[in-house]
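Quick one: structure below, then a few questions.
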Amino acid sequence: MIVDCAVYEGGHRRNGSMTLEEAHQASRESSGFVWIGLFEPSEEEFDSIQREYDLHPLAVEDAIKAHQRPKLEVYGDTVFVVLKTASYIDPEEIVRLGEILIFLGEGFVITVRHGQASNLHDVRERLEENSELLAHGPGAVLHAIVDKVVDDYGPAIGGLQEDIEQVEEDVFSDSRANVAERIYRLNREVLQFNRATGSLMEPIDRLAAGRYELIHPEVRTYFRDVNDHLVRVHDQLEGFRDLLTGVLQANLAQVGVRQNEDMRKISAWVAMFAVPTAIAGIYGMNFEHMPELGWSYGYPMVLLLIVVLCTGLYRYFKKVGWL
Amino acid sequence: MIVDCAVYEGGHRRNGSMTLEEAHQASRESSGFVWIGLFEPSEEEFDSIQREYDLHPLAVEDAIKAHQRPKLEVYGDTVFVVLKTASYIDPEEIVRLGEILIFLGEGFVITVRHGQASNLHDVRERLEENSELLAHGPGAVLHAIVDKVVDDYGPAIGGLQEDIEQVEEDVFSDSRANVAERIYRLNREVLQFNRATGSLMEPIDRLAAGRYELIHPEVRTYFRDVNDHLVRVHDQLEGFRDLLTGVLQANLAQVGVRQNEDMRKISAWVAMFAVPTAIAGIYGMNFEHMPELGWSYGYPMVLLLIVVLCTGLYRYFKKVGWL
Amino acid sequence: MIVDCAVYEGGHRRNGSMTLEEAHQASRESSGFVWIGLFEPSEEEFDSIQREYDLHPLAVEDAIKAHQRPKLEVYGDTVFVVLKTASYIDPEEIVRLGEILIFLGEGFVITVRHGQASNLHDVRERLEENSELLAHGPGAVLHAIVDKVVDDYGPAIGGLQEDIEQVEEDVFSDSRANVAERIYRLNREVLQFNRATGSLMEPIDRLAAGRYELIHPEVRTYFRDVNDHLVRVHDQLEGFRDLLTGVLQANLAQVGVRQNEDMRKISAWVAMFAVPTAIAGIYGMNFEHMPELGWSYGYPMVLLLIVVLCTGLYRYFKKVGWL
Amino acid sequence: MIVDCAVYEGGHRRNGSMTLEEAHQASRESSGFVWIGLFEPSEEEFDSIQREYDLHPLAVEDAIKAHQRPKLEVYGDTVFVVLKTASYIDPEEIVRLGEILIFLGEGFVITVRHGQASNLHDVRERLEENSELLAHGPGAVLHAIVDKVVDDYGPAIGGLQEDIEQVEEDVFSDSRANVAERIYRLNREVLQFNRATGSLMEPIDRLAAGRYELIHPEVRTYFRDVNDHLVRVHDQLEGFRDLLTGVLQANLAQVGVRQNEDMRKISAWVAMFAVPTAIAGIYGMNFEHMPELGWSYGYPMVLLLIVVLCTGLYRYFKKVGWL
Amino acid sequence: MIVDCAVYEGGHRRNGSMTLEEAHQASRESSGFVWIGLFEPSEEEFDSIQREYDLHPLAVEDAIKAHQRPKLEVYGDTVFVVLKTASYIDPEEIVRLGEILIFLGEGFVITVRHGQASNLHDVRERLEENSELLAHGPGAVLHAIVDKVVDDYGPAIGGLQEDIEQVEEDVFSDSRANVAERIYRLNREVLQFNRATGSLMEPIDRLAAGRYELIHPEVRTYFRDVNDHLVRVHDQLEGFRDLLTGVLQANLAQVGVRQNEDMRKISAWVAMFAVPTAIAGIYGMNFEHMPELGWSYGYPMVLLLIVVLCTGLYRYFKKVGWL
């Protein structure tokens, strides 16, 4: 689906939307560039674009099928960038990944969104308001998109952090919940998120290092800033992994301790009941000669003995922490 | 066993199969190349090929014995490539590895399959339909084979993923299965698979970097694509390892929790039965002076007491989660 | 908030504080440099500084928002350094991080403190007393600040070490405390601290290697010394991680052992009480023909038997370590 | 002890053994080389060799004392190589390491064996039969020895693999053996073996890269083959480590599960016996008014009740898997 | 404290000790060098040395305060080396670290010992006997000291190894000791030792690579030998870590198994005693119609039944390994 298609000259958008052909025509005649925005295009929709801008078939295949790793490839004069976007679905504690694929050439930017990827409409609008930046050409568009994608990692990171803190609290509270599954699932999301963002650092680094002529020197500094942001995201995700590993071990320990406490309490109660049973058993024996049986206060004395012993045991168990 | 032997000129197969000698003769006279396909050849079968194409004895030894790591070696003018193929045997949850060894020289490609390796017949047929690619010479054949091998990793990855998801579900369900062995075996398969594919990345990278003149420049881009695919496979396998490690720990915890619950329940029942035993014991004592024994309602009152106590305990145990 | 603003010439402070405009004026006319100290400045406060010293907007954004990783960036002629400071809040066992951001240019140093960062007033005073060093220009100021920040890691390291030693003692003492949570929290602090200091090493290394002309060669040696100090901090933090991992495992083991001992003791007591119960039960049977029941010494003999058996069991249990 | 000493010219052994002096004399006059084989030589035995071939005292010290890491050092014109040999002592599940040290110079090879090192006699015989290779000089001898040593790792690897598979089977069988110690010892052997072989890769790589003129170019390809073999050995040992780690965890889990099953069974039996005890206790009370006691069928009915309850419990316990 | 101070010319010591001033004077006039040996010098003691040999204040600060990491720094023409020495205090199983700091310049060596560092007196004596080596100047002294320090690691390694082997034996013996604390402490010592020696490798490597002109080329080979020794030390310490990790896990498993055995035994005894209690309870019931009670052999038959049942249970428990 073609979402938007416009020509930009000297940092300004030529009024109105246009068809692909008009845009191609316009860009060839002027010094500006076309920006075509697509959403999950079919092979047929992409066909004419591929031919007009002479895109490499391998990159086109990737752009249509998606499910790529973040990467930056150079095919002839065209730079092809794959980005993973992330958003946090809090109720399910899931990091939902989307994909944005960008073709960058002299005179054109083609962006392809797949799944629940970050919204590029906002990016376009904000850029159109900043004609100075937009005048730096396709590289400025690439930066704006990457910047948006990396900024959008922020809320996902925040959502994960909140849930990890909740889990931490659960583990060290007196609650008897077993959060093993929740920790496992959070860890899986963190791993997946880290894989999606980790491989983006190297391409951004290359962009910041100024290895592509398509990227205006002024824009390179901005990529350095994005990279810095990305490293911070990566650091935080690594930190989450360490925390989750630690919290899992702590949970195991806490669950074990709590279960053992239960067993100990039950056993201590059983032990306490064994005392009256044993004493009563003795006075339930049928010997003919058991002087205590004839005593007037034999029965209350035995009851007293039982009470005293059980109370003593109870206190002792309390003292050593078994009850 | 010689599976197929043909001469290709200008991207087209010269009609019919031929003997090795004819093929050798034909290739020397023309600008095309021979493609000889072998399956687990004996030393004798390979002897004449070795002499005709002047293959290095070390490479030939590897090709006959197999059981190599994926690698790319250069012996004089000949490039020798070892590939591991993988297929997933779902009922046994095993990744079955096969081996394809390829000799690549000016004017010839010799492919040797061992075990349940990927089918090369399909590769040959598809290439023969694409004469443009085939015209790029032996390098195009190498790419087609490597591409097929790496594509065939996909279903194996998928099979593993499915089984890992099943294990995940088992662990966090209420089922009492101990999946430790299954996790262990899946992990072993993942490790083995990862070793088989991991060492392939570096040779593919070298092919993509254009370090071998035998590989037509046009074909190099395609190797970059294969490498990208391979990195994704590797990423997924690494992810599997992380998941299996996590799921193993979770399984340990879940099994421990469930077993402890059983013990707690049994102990709680024992504790409940200790109450009537102790009370009955007391009224089973033979003291002469036990006024309760003479009461008309002594017996039903004691029964009631026992019922009340046991019910109370039962409710308490339910409340604190011991039953 | 502007904390201090002064001009330094030939290693000496020009008397009195001045406004930003005066300072800017003065520095432009002389060969000295301005040092402006700020604390959590607002965007408005920073606005004029940015314009006067031509600071890059990305760096300015970082300086106002803080929450950066330690880093060193070069924007045109200006060097921008981010430092993390650390102090240990002993009662809560927390490493509190602050942030100092420094702009360094020909003729000016601008320092921005955020949060509970190390005090820079001391640094300024000590530098003002050492005119020889101060004469080396902005680089000397940078060194003095970095040196102070890294020196201040010392007490935080010391605080952590003390608490880790306390935890060690707790774990291996007879105390029944479960220090799992404390270990977890200390580990989290160590991780966070390590992340805050770890990424500082590389920039300091670059400063020591003399890659920036702003830094006087004489000062470089001093950066090498700071780097050495930083590596030691990092080594110690790594060591803490290893210790905490070890102590966590040991704690798990100790808790498990102690809990098991409790269960064993309780069970042993239950076992001991089962003996009199069983014997008394036998002599409580109502058979008509039980010769022992008629014996005169039947009852004391049974009591004796019970005492002997229980004493024997008690001794045995003591001997094998079950009690 | 001098094991063998011979002069080789043009790939052929000059007839008969000779004394060291004769050999030295002969080698100086001809274009061939001497190969002296020693077994755990004393300092005195080595003294004359050192002087004649001008060996570096540090290398000589190593050669006499042994207990080195695998390495390749260059002392002036002499190359000094240390190799670790391995053989598997199956009954004790031990990898026995030996050591071979080799001095290589223009015109001489001196080999020193320590401990249960691989037999070099076979190497010498096989080389003497292959005069073509032998004609490549001392480098060919070095290759033959390294090849033999690395080939001999094979059976040791195989022995370890077999024992690991046995352990795997033990862990997942119903056997109640605790294989923790066996796993620990196997892991120790694997670690030791890996250390002994791991540091050999880098020197072999250097030999294959053709960095030493002493090594004939023709021989270098063969070192590449040896290196490949060595990498495979290393891969397998790494794989063993992963397997042993996994199997240790699985063993812990299995042992825990099995022990818990035992405890559960015993407790379930105790719980079943508590039922008749409690019921019998009730009818053992001495109340005057207990109507059931007078019933004719009271006793058989109680017996029936007990049988019914116990059978019910037994079935229930079987159903929920507690028995 | 000044321990020794002497001038060496052409490999020979000029007779007698001298004051610092005399030594300085002598060294300036001759082509030899001064070697000043200090032990924990105060700032005052070092003051004149610093001035005479023009030492960098940062290095001097390090030399007086100690507590450095092993390192090699170059300050102008002076090389400054920090070494950690190690000795094993067997009764406490502690690796005691000392520190030696060395200033090396054209014409002087200044050695500073801190704590229980290796004895340098022996080094001096041995060097004085080897005038050939000593003639290579300060570099030879540096080598002799480093060699001594690394050689002294040997006994510490040996001590650790012995204690680790003891722990291994303890864990797998039938002893019931919980060696968790001992393992933890040994691991801590190994970690500390490894940190102390690990960072020495890189400086030694640089010395061996001949990057410092102060070091005579003849001496460089000897540094290579020291480095080799150091790598071996490092390898062994890494091996210790792996062993201790393994032994800790094994200990946890063994302790768990043994504790569970205890619990199982006690529970099995309790289960056995539950049988007579239940049977006796039944015959202790007060039903009027219990034919067995009137039988002459009722009592002995019940006793026999109890004995038979208990014996049967005992045998069964033995058979399944519960007792």
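By written order: A, B, C, D and E. Residues from 1 in each chain.
In this text, a residue touches a chain if its C-beta (ideal position, glycine included) is under 8 Å from a C-beta of that chain, and two chains touch if they have at least 3 such contacts.
Please read these numbers as outputs of a predicted model, since none were measured by experiment.
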Hopping along touching chains only, can you work out the least number of steps from chain A to chain C? 1
Working from the CA atoms, figure out how many degrees chain A turns to land on chain E, in steps of 5. 145
Could you state the distance in Å from the CA-based centre of chain C to that of chain D? 42
Cα-centroid distance, chain A relative to chain B, in whole angstrom: 26
Would you give the residues of chain A that are in contact with at least 2 other chains, written as numbers and ranges? 252, 256, 263, 267, 270, 274, 277, 281, 284-286, 290
Of all residues in chain C, which touch chain E in the complex? 172, 221-222, 224-225, 228, 231-232, 235, 239, 242-243, 246-247, 249-250, 252-254, 256-257, 260, 263-264, 267-268, 270-271, 274-275, 277-278, 281-282, 284-290, 320-322
Give every residue of chain C touching chain A within the complex, in rising order. 56, 58, 68-69, 71, 73, 75, 176, 178, 180-181, 184, 187-188, 191-192, 195, 199, 248, 251-252, 255-256, 259, 262-263, 266-267, 269-270, 273-274, 276-277, 280-281, 283-286, 290, 292-299, 302-303, 306
